[in-house]
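Each of the next two complexes has chain A plus one more chain, namely chain B in the first and chain C in the second.
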Partner chain A sequence: MSTIDQATVTRVKQVVAARSDGALLSATEPHADTLQFAIEKAALRAVVEGLVNELQARFMISVGTDRRPVTGDFAILHLFSLDHEHLYVLLESPVPEKDLRIESITEIIPGANWAEREFRDAIGIHPEGHPDPRRLLLADDWPEGTYPLRRDFPYNFQPPSVENVRPQLREPPAGASVVPMGPFFPVLEEPAYWRLFVEGETIVGCDTRIFYNHRGIEKLGDSVLTYNEIPYLAERICGICGFIHSTCYCQAVEKAAGIEAPRRARYIRTIMLELERIHSHLLWLGIAGHIIGFETVLMQTWRIREPVMWLCEEISGNRKTYGMNTVGGLRRDLPNQTKPKLLETLAEVEKETIAVRNAIVGDTTLHARTKGVGALTNEWAKKICAVGPPARASGVAIDARIDHPYAAYDEVPPQIATQEAGDTWARVLVRVGELLESIRLVREALSSVPDGPICAEIKEEIPPGRVGVSVVEAPRGEAVHYVLTGGDNRPYRWRVRAPTYPNLQALPAMVSNGTIADVPITLGSLDPCFSCTERLETVDRRTNEVRVYSHAELLEISRRKARGGGTR
Partner chain B sequence: MATHSDLPLLLLMTLAKVVVVLGVLLTAIAYIVWMERKVVAHIQSRWGPYLVGPHGLLQPLADALKFLFKEDIVPDEVDRPIFWLAPLLAFTLAFLSISVIPFGESITIAGHTIPLQITDLNVGLLFVLAVTSLGVYGVALAGWSSNSKFPLFGGLRSSAQLISYELSLGLAVVSVVLIAGSLSLREIVEQQRGLWNICKQPLGFLLYFTAAVAETNRTPFDLPEAEAELVGGYHTEYSSFKFAMFFMAEYANMVTVSCLATSLFFGGWLGPVFGPPLVRSLLPVLWFALKVLAFLFVYIWIRGTLPRFRYDQLMGFGWRVMLPVALLNVLGTSLIVAWRSV
Partner chain C sequence: MTAWLMRSFLLCLLNAALALVLSPLCEGIMRKLRAAIHSRIGPPITQPYWDLFKLLGKEDLRSAGGVVYASLPAFTLGSVLLLAALIPMGTAAPLAFAGDMIVVLYVAAMSGILVMLVGFASASPYASIGSSREMMMLLSVEPILAIALVVGAFKARTLALGGIVNWQVQNGPSISMAIGGVAFFLALQALAGKLPFDIAEADQEIMGGPLVEQSGPRLALFRWAMWTKQLVLAFLLVEVFFPWPRLGIHQLDLLMTSVKVLVVLVLVAVIDVVNPRLRIDQAMGYFLRVAFSSLAALAFAVIGK
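Moving on, here comes the complex of A and B:
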């Protein structure tokens, strides 16, 4: 654990006390690095302002909790990080059922936009003064007044769809036309809908609709699964960096319950996390090449990546979704005989990565395609709370491995490099640098893995009402997991924030004034990661009627077509 | 020259040549696609087609069958006549320009000397340039008639790109014409017996080749169909054989510009000739084919090596670099030609 300066703790307390002006309900320290304040909701906005302006706190996520079975009210929790002081600050406000409103903080923190829309959709607490009244999380045909994350909403309940709804999409400014990118688009591996407002080929604005298939993972976590089942679900949050989510979840629970994972487990987690970063960054490099029409880079980097996948398979039995994590440590040890092979493969990957790096760095066409493209300014990166490589490429020196050390990063610290330009080229350089740094980290961690048990013995039940916040530096940026423990051997609330969540919010500013040709690579340079879909939306041009087809209807249409009775 | 007594024979001969050339060209296109997939695959450490026939050699056949049997989707809102016309135009014009390319000297069968060229127009070069320019219409009309944003962008980009690069291409060719003093491709080739034009016009060749890559919408100038931003570009809405026609037109254009490059700069069919009469008359065809194949290989090689430019960069390069250099080249060449003739 990195040392926490007591003076900072005192200062945070002073700022919160001064800004809350007597509305402070309680101030606790659940953990050495976590300060939790309960504040009456009328004073929440003022306190947030104080934290951001006086302490440069970085907003991470909001958590809306339905506490009615326990305390009879709802609660909104804003999570902040004081990165260089290694502190988490949690601001919680009770929201009574009679008055489901809370003051919006989006005006102070633009990056809180989606978080607030999300708790409005999921819990039904209205952020007053929020600039965007539209839905974020819920489908357009989801009925009004039904909030899926409330405790009285069964996990398997399917509310009836609302008929004839219009998607809530913004209209382009006068004189501009719309170029749709998505929901299905050749370079987007996952569904997302970007409405680009263009004048000629110049972009003057953009609107987004994502969350096409919200899988309800958080809901499953607090209603069906138990503590030790969740890691397997958490691992399936992401198709690339699953181990990151299971580690992050386990760490949050371990923290809440006061369990210390053994040193060996922490080292092996570090190794797996860095291996994941290596194969994820190589994958990204290939996709970026593909986006700008450089197929050879795609093929070569994926070829280099493959042995890393084999290594993961050799260690865990799976190329992906390792199933190694459990609360308290690991289920599976790192076999000693894989060590020489691991080092050998790493040397090969390193050699080839350096070759690719040298080829890329000298390519003038690549410079022309990426330099000055999709710039994210340092100021906006901070305001929109960008994380990971996009933040570091814009000169924001944050990295969860250093700011909130977890696993074995306190003993094998990474060296992070930042770039100032903030453009796509800077993001390429940051990632390539990280790739080589990860190889070094795996080597270093391998050479100092201690012997010992891989899982802590847990003798007592995890007590309810404890809080745990954990972050993990995923390849795409910082992933945040928040766990509030509950009864029945499962969390009362489990909140996940993936790194793409804040980064995607930065996209509109990045593509503005660029050309259509720059959008794919700009989006790609964020290394976005969404999820899968099963729905389709059509607009009848003659009547302007918008229809959302259900899965059953789509099936019917396709079968009818196949039988020869076309719908034309 | 033909008197009207052997007119039927001439007609028959030309018809035979058309059939042979078209057949060879179509087969060649199919196997250029195969070659492209193989070469690019090996550049990218893959195998490429491998399952249909030995080394995937029957893959082109399978692809052709697939194109024939796929459902031909015509979207509701398209401008139907033009939607149909566009692939026809692209296809026809692409194959038309091959008619004036000389692919060998001549062959003598039963006392008749048959020139190995469908027709030797005295303005052959102009004809090729005119026909390839018309080819833009196929692309532009496809983009327009599809009544959809991505094809429209693709079509517009393509028209702008082709017109811009046509200029440099034309100017590069002008410098060759200045040296040869003829527009007939046969004569231009004949004049290279001593020294190939590549030695006299190295800059002209570079300009020609770069512009030709852009003319044929190939990587790194394949912006009209940049899938990352424009889905399929101008042919997004096309399917089945209509798509195949665009596809074949693209490869036919590649063959045409390669043939032209060979004829203009690399001495066409010229090469060492020996052996019995039949071999003597067929060897030039082999030399010609080999030279064209080398160009096609370079095309594919480039695709495996370079990323795509952005649209404004492409246009900037065309107008700010290519065109001034091409103009200077023409100026220099004409000065030298004028000085020599004085």
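Moving on, here comes the complex of A and C:
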């Protein structure tokens, strides 16, 4: 564990005490790296201002909790990170049921925009003075006044469907016309609606409607599933960084409950996390190439990536969605006999990645399309609370692996690289650098994996009312999971913040004054998520006989099909 | 007289038919090459024929009404076939008597303009953006075609393409014609809609641009027109700028020309596959520089090199 400077802790306490001006209800330290303050809501904004201005705290996410069954009120919790001091600061304000309002902090922190709209939609606490209070989380036909994350709201409620509803979208400025990108668009792998306001080819503004894919995962977590079932759901949050979310959730629960995962488990988590980064960055590089029409990059990087997927399959039984994590450690060990193959594959991937890097670094057309395109300034990256490669490409040196070490990163620390330019090319360089660094990390972790158990024995029930915050550096940036433990073998509140959440909020500033041609690659350079399945199982409807096709068979069938001969 | 007319007419038909029949094959070869560079197996080289076959059998859907809109695909393909009859493809151009280099330039621009029109008429924002990009590309590329051909006309002292070809065959390579040929080749990359200049279609940005609303038989005709155009222009490039060696044996010359055309198309495909797409402003800047450089060819022609 990285050491926490007691002077910083004292300073945070001083700032909070001074800014809250007597409205401080309590100050606790649930964990060595977590400071929690309860503040009356009237003083919350002032304290936030103090944290941001005096301590350069980075806003992570807001959590709205319906505590009525326990304390009779609601609560809003703003989560901050003091990255270089390795501290989390939690500011919590009770909100009484008869006055469901709280002062908005979006003016101080532009990056809190979506978080505040989200708790408004989910539990109905209104952020007063919010600059853009339109609906964010809920579908446009969701009935007003129904808040899905309240405790008395059943998880399986189905609102009546409504005809003729539209998202509330802004009109273009005078003289500009609208070019819609989405909700379904070739380079968007997930539904998202970007309304580009253009004059000729130049972007003069844009508006967004997203959350078409909201699946109510947090609701399921605190109403239906139990602690040990949630990792499998968490893994399905994302099709690419699944292991990241299950690790992040497990770590949050482990922290809240005071369980320590065995060292071997932490090492194997590190290896799997880095393998995930390797295949995710290769995937991203391909997609980025595809977006600007460079299909050769797509085809070659995905070919390089494939053996990594096979490795993951060999280790876990699945290419993706490994199902390895559980609270307290792992369910599945890393077999020792895979080590040589792992090293061999990594050497091959490294060699080919370097070849690709050398090819793209000298490509002038590629430079023309990425240099100076979609620039995210250092100042705005901090204000919008960008994370991961987009932040690092804009000179913000944050990385959860170093700032809040987890798994085995305290013993196997990564070298992080930053770029100053903040443009798409800088993001390419940062990711390619990380890719090679991840290969080194896996090697290093492999060479020092300790023997021992892979899962801690949990003897007692997890006590209620404990808080755990965990972060994991996903390929796309920092993922945050917050868990408040509950009494019935499940969390009382589980909050997930994926890295794309803050990064997407940076997009309007990045595309503004660019051209339509730059929008897809700028968006792509943030690496928004997507998932893929490549296995097939067929059931003969007459005999109900199940036949599973092997990889080789599928390949052969598709090739035979492509050549135009034969049938299945 | 009538016999001569009949003969010309038949030769026109032959030229057009050959271009029509062979262009999907060339596209198929280009796709196969593309796949090889991608480390893919790729579709069989006959795939473009099957694509056309499938598209032609589909329902004809139109996003706008009117006779003009309905007939644009046919006119586009027709303009390309007219071009095929106007240029020498291994032999003298069958329609050479009907027009010289100037006519060829006009007819070569026609298909681009018709695609642009169909885009503007499609009532889709993507098609409009694509059409305005198409227009900008045409404006950047056409002058290069003109300069390159004018170099030939200046050297051969004739505007007839056949005359230029004959002059080339007799006088052998020259610096000015080589520069003109390179400039023409770069323009061909753009006219064929290949990367890094497939900016008007740009699937990932504007979903196919002018042709976004085209489907079924209409799309088939546009596709066919594009493939034929790249083949015909490759013939024009080879015949005017690189006609040697002429052995005088007709069949052998035709074979040589075809091989050279294939080499040109392979080059086009390779450039296509190793480049990302430029932005329209970057492409215009690029072609502006190419246009100025091709003026050098004219200068060389003036001093007789």
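Note that in this section the second predicted complex is superposed on the first by the 527 of 568 C-alpha atoms of A that agree within 3 Å, B and C clash if a C-alpha of one lies under 4 Å from a C-alpha of the other, contacts with A are read in each partner's own complex, and residues count from 1 in each chain.
Heads up, the rule we're going with is that a contact is a pair of C-beta atoms (placed from the backbone, for glycine too) under 8 Å apart; a residue touches a chain by one contact, two chains touch by 3 or more.
Just so you know, these numbers come straight off a predicted model, no measurement behind them.
Asker: Judging by the criteria at the top, classify the pair chain B and chain C on chain A as clash or fit.
Answerer: On the superposed model, which is not a single observed complex, chain B and chain C clash.
Asker: Once chain A of both complexes is superposed, is A:340 in touch with chain B (first), chain C (second), both, or neither?
Answerer: So A:340 meets neither chain B nor chain C here.
Asker: Considering only the touch criterion stated at the top, classify A:187 as touching first (chain B), second (chain C), both, or neither.
Answerer: Both partners, chain B and chain C.
Asker: Applying the touch criterion given at the start, work out whether A:175 contacts chain B, chain C, both or neither, answering first, second, both or neither.
Answerer: neither
Asker: Examine A:369 and indicate which partner it touches, taking first as chain B and second as chain C; both and neither are also allowed.
Answerer: Both partners, chain B and chain C.
Asker: Please write out, lowest number first, the residues of chain A touched by both chain B and chain C across the two complexes.
Answerer: Looking at chain A, the two contact sets intersect at 177, 179-180, 185-187, 201, 289-297, 299-300, 303, 363, 365-366, 368-369, 515-520.
Asker: In the complex of these two chains, what residues of chain C are touching chain A?
Answerer: Against chain A, chain C makes touches at 34, 37-41, 43-44, 50, 125-126, 129, 132, 195-196, 198-199, 202-207, 273-282.
Asker: Flag every residue of chain A that touches chain B in the complex, lowest number first.
Answerer: 177, 179-180, 185-187, 201, 289-300, 303, 363, 365-366, 368-369, 515-521, 541, 568
Asker: Going by the contact rule set out above, which residues of chain A touch chain C in the complex?
Answerer: Residues in contact with chain C: 177-180, 185-187, 200-201, 289-297, 299-300, 303, 363, 365-366, 368-369, 515-520, 559, 562-564.
Asker: Flag every residue of chain B that touches chain A in the complex, lowest number first.
Answerer: 40, 43-46, 76-77, 149, 153, 219-220, 222-223, 226-229, 231, 304-313
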